[in-house]
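Some notes on the structure that comes next.
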């Protein structure tokens, strides 16, 4: 029943699969909880709806 | 001010209404808090963005 | 794998059990997902760390 | 590394920027943590997926 | 019914009150939603349970 | 600014450090985001406040 949330950029299918598999295996190994008990939620963050350092992430990314 | 989050499958309008009504009434009765104080957020989880047991839920559903 | 969060007052053991059982059965019936797949997290909110209407909940409760 | 989540109505770009800037500056001043360390997530809540007082927010808004 | 979560350092009572009041007034003004509808949750993060840049926050703070 | 939440059992310091380091490095590699931008929150779940399959986790663990 452990639950993991990942809030980050939009990812392609292969990367979503890899992230879920890797997080689950790592957390199962470290906690000793069977990996079948894990749920992972990937939440894509739109840079238009995230602020970093007081600034819209979308604006910040344009500057870099 | 109690707050309930439900992360689960996409639901039709009637089911969303029933879930909100039922959760609120149950929680109000058990806690003794007036039901007007409750907020419920229904968050639809896309099976392409959820992992169960280390596997993408979308893939797991195809197998069943 | 649906997940429910309840943020509300501290509850005794019997009430926690009743809330978990009731939420799970209701949500399982409405969504059609097997109840074994549900996880419920009860998060007690300390009135010293919650604000309602711009005011500390602890202060608001004293007035009532 | 402090993190702020705002769950509320859909907002236009200028309002999103103002909310992020204001939350970050206020929280930085009160906590003493450098504002560069703050992340803010704005989560738009669809009134079709929110319940208030046991009722769908979309229905409640129609009545008002 | 908008809901705000603040995950950050432990704060004294006066600062918690100020943060709740300020967040609520700012968000009410920007969204046009009555401030009575807002709930704010302050969640203290223990530096022993937070990671920044892959490192335990507690360790990082010792270095500074 | 990606953010990871882990809700699971209480862990000793070495395991918390390992989990934070491993999650951050994996997610940084897969997303291409610099690891300095990641925050990880470890949230210990008390088995007295978690339900699995409609049952209190604490009760379920006693049976096993």
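To keep things simple, chains are lettered A, B, C, D, E and F as they appear, and every chain counts its residues starting from 1.
The definition used in the following text is that contacts are C-beta pairs under 8 Å (C-beta built on N, C-alpha and C of every residue); 3 or more make two chains touch, one makes a residue touch a chain.
Small disclaimer: the values here were computed from a predicted structure and weren't measured.
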Path length in steps (a step moves to a chain that is touched) from chain B to chain E: 1
Recurring contact interface, reference B-D, options B-E, A-C or E-F [over half identical by residue number]: E-F
Selected interface, A-D versus A-C, where C-beta contact pairs are more numerous: A-D
Most widely separated chain from chain D, with each centre as the mean of CA atoms: F
Farthest chain (mean CA position) relative to chain E: B
Centroid spacing, where centroids are CA-atom means, of chain B and chain C in whole angstrom: 12
Rounded Å distance, chain D centre to chain F centre (Cα mean): 25
Centre distance in Å when chain A and chain B are each reduced to the mean of their C-alpha atoms: 20
Multi-chain contact residues (two or more partners), chain D: 1, 3, 7, 23, 39, 41, 45, 50, 52
Graph class of chain-chain contacts, one of line, ring, star, complete, other: other
Interchain pairs in contact, sorted by label: A-B, A-C, A-D, A-F, B-C, B-D, B-E, C-E, C-F, D-E, D-F, E-F
Complex contact set, residues of chain C against chain A: 1, 3, 39, 41
Chain F-facing residues of chain C, complex: 13, 16-17, 20-21, 23-25, 28, 35-44
Residue ranges of chain C in contact with chain E within the complex: 7, 45, 48-56, 59
Interface residues, chain E side, partner chain D - complex: 1-9, 11, 15, 18-19, 22-23, 26-27, 30-31, 33, 45, 50, 52, 57
